[in-house]
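First chain written, first letter: the chains are A, B, C and D, and each begins at residue 1.
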Amino acid sequence: MEAFSDGVFAVAITLLVLEIKVPGYDTDLATQLLRQWPSYLAFCISFAFIGIMWMNHHRLFTHIKKSDDMMLIFNLALMFSVCIIPFTTALLAAHIGHPGARTAVIVYDASYLLIAVFFNLLWRYAASRNGHLLAADVNRESVEKITQQYNYGPLAYAIAIALAWVSITASLLINLVLAFFFAIPPHYASRTVPARRSNSR
Amino acid sequence: MEAFSDGVFAVAITLLVLEIKVPGYDTDLATQLLRQWPSYLAFCISFAFIGIMWMNHHRLFTHIKKSDDMMLIFNLALMFSVCIIPFTTALLAAHIGHPGARTAVIVYDASYLLIAVFFNLLWRYAASRNGHLLAADVNRESVEKITQQYNYGPLAYAIAIALAWVSITASLLINLVLAFFFAIPPHYASRTVPARRSNSR
Amino acid sequence: MEAFSDGVFAVAITLLVLEIKVPGYDTDLATQLLRQWPSYLAFCISFAFIGIMWMNHHRLFTHIKKSDDMMLIFNLALMFSVCIIPFTTALLAAHIGHPGARTAVIVYDASYLLIAVFFNLLWRYAASRNGHLLAADVNRESVEKITQQYNYGPLAYAIAIALAWVSITASLLINLVLAFFFAIPPHYASRTVPARRSNSR
Amino acid sequence: MEAFSDGVFAVAITLLVLEIKVPGYDTDLATQLLRQWPSYLAFCISFAFIGIMWMNHHRLFTHIKKSDDMMLIFNLALMFSVCIIPFTTALLAAHIGHPGARTAVIVYDASYLLIAVFFNLLWRYAASRNGHLLAADVNRESVEKITQQYNYGPLAYAIAIALAWVSITASLLINLVLAFFFAIPPHYASRTVPARRSNSR
């Protein structure tokens, strides 16, 4: 399951670059390249986001040690939401600064809301029934902290979507802040303890 | 063999999104996005289908533990049929609601018929000669149930194709129902037994 | 090394489908689809060929158990030749039946000649110095037979290229025959012995 | 982590071929193919470069045996710089021989500078605090030699960028020479010792 998921993450993150177009010969190349800043911005945000999602997926699967058919389906649903990011990124890059910017931002944020919802479903299912898919010796406190952190996701992205009606910039900023929030492991403080740090691969 | 197959599934499922086009600046973006519903529908069906095929492939290879040259060839044939799905999906998305809709649906269903045939060939070969490629301690009943479930595939997709001459909608609905049928593991009832559930990864 | 190589094979084989274009709305869809036969033919030949190359690579690496820097470079050179197949396939599909058909066939055959040369280099390097990169308990006879089979490759593809000046069809046919020749394991006869057949994965 | 990284390298290296366009039917196909030499050159340089980067990554991870969250982030940053190569390659191929050639070469070299910087960061972090992420029995001398070799990277690519204002050809040549420099393992001399050669996979 992880080989397939890693493959999907790797392909999705690499496909993002196909959305950056090579400028033609009309005017000065440097000027044209600079004008494409929305493409670069969208590429960077989406790359960071998919990368962070991959880190989170990786982190969950240090705890999840068993799998069943429902788990495969929840994981597929999560992969579905990851796979649409190249499209919503291209949409954002093409329409920012144009009349359709608000619509593009809403669709973009909505794709992250979907990811947040599916991450919650996958994790809650794995942790349900007394952690029936988790490692037998799982750290209960870590599990609890991940659950708490993930709780914020759906609501926070729903707020980002709502904010898009007020200010597109604010909405995208919230999105960026959330990416960093999910990049931080839920039990950061305890990570400085040497024994914990060496989570060997 | 599974690393290669997982890679093909992962690339094929992620390439599907490339068929969803980013609208231009002609009219209201929201309207244009809504008008693209056939692309989204085709993307969702195809994603679900490739995902379910991956689950089935994964499930078969919990039983198949040996390989030989014929097996590699049957597996390649199956990958061939998976790889054409992005094309038949794009064809369906482009021509639904147009004069070529019937042709597109027939080609689309035919690609699934091909997958069903190749899944049967791969599985029957592995299970042939007293299960010569299966695990030594394989559950004979599970093997029998998978064989029974796969029996329905080719016939059912042939019916879906025939139905396309009567009603395109009915044909696509059959296709969707079949996807869910193959998502369900063949021995669902027995899965509630705790020992079976924990098919550790 | 195999994970990377499997990834390249998986991506290259799946990218082939991007070369098959979805027809527009000009005339009857069925007619347009049938007219695209060169694309399908090229897709099928190239898919079969990359698949068979993957099988050969897989087969070699059941014998090769060690690696060094030169080996990584020979493997990269082989991956290089595999990666250009989607381009030479698209070239063939676009120009068959057009004035540039001969040129396209020559380029297409040349890409296979390159693969044959790099397969020979990789295998001969691994088997050199008394098989310094092969498994300690390698079957010397198998090694010899693979070397013999690979010997034919470069010459045979050179003949296919030369034939293109006489007949394009004959050149492509030779190419097809060679694909099947390399699909057959070099020590086929011995494979019916039960112990050999169960080369467990 | 390596599965994901290998996937990104495999996809990025294979995507390069999509930038080589199939010529139309305007004039003689051979002439048109020859005119595309900048595409082939860019493809070859970029393929060699990504391949060598993969070899370096592979080499580092024979020493790096542990991972933590910072490591995942440094690795993602490195993958980011690898993923933009298909774009900067396409840019170079399109604009060499055109007025924007200098700009294209600078952007191209800059993407390699970025890779060199991120490789240094990843390696220095892993080797920091007395090699806290390296294998316990790591060869200190090898570590030192890799560090020394990597030291040259950022400066050398900065020189390549600066040279672009003087001569585009010289700048690209430096780039090519650097690729070969990083292809050579840092402790080449010691590699002929038999015990070192058999770094089994």
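Everything below uses one rule, namely that contacts are C-beta pairs under 8 Å (C-beta built on N, C-alpha and C of every residue); 3 or more make two chains touch, one makes a residue touch a chain.
Owing to the predicted nature of the structure, the values given are computational and were not obtained by experimental measurement.
> Tell me whether subunit C and subunit D, two copies of the same sequence, contact each other through the same residue numbers or different ones, using over half shared as the line for same.
Answer different: the two copies use largely distinct residue numbers here.
> Report the chain whose CA-based centre is farthest from the CA-based centre of subunit C.
A
> So what's the Cα centroid distance for subunit C and subunit D, whole Å?
27
> Per the centroid of Cα atoms for each chain, what is the distance between subunit A and subunit C, given in Å?
38
> Scan subunit C for residues touching two or more other chains and write them down.
Residues 3, 6-7, 10-11, 15, 18.
> Applying the document's contact rule, which stretches of subunit C touch subunit D when the two form their complex?
Subunit C residues touching subunit D: 1, 3-4, 6-8, 10-12, 15, 18, 65-69, 72-73, 76, 79-80, 83-84, 86-87, 90-91, 94-95, 98-100, 103-104, 107, 132.
> Could you pull out which subunit A residues touch subunit D in their complex?
Contact set of subunit A toward subunit D: 2-3, 6-7, 9-11, 13-18, 20, 22-23, 25, 28-30, 33, 47-48, 51, 54-55, 58, 183, 185, 191, 197-201.
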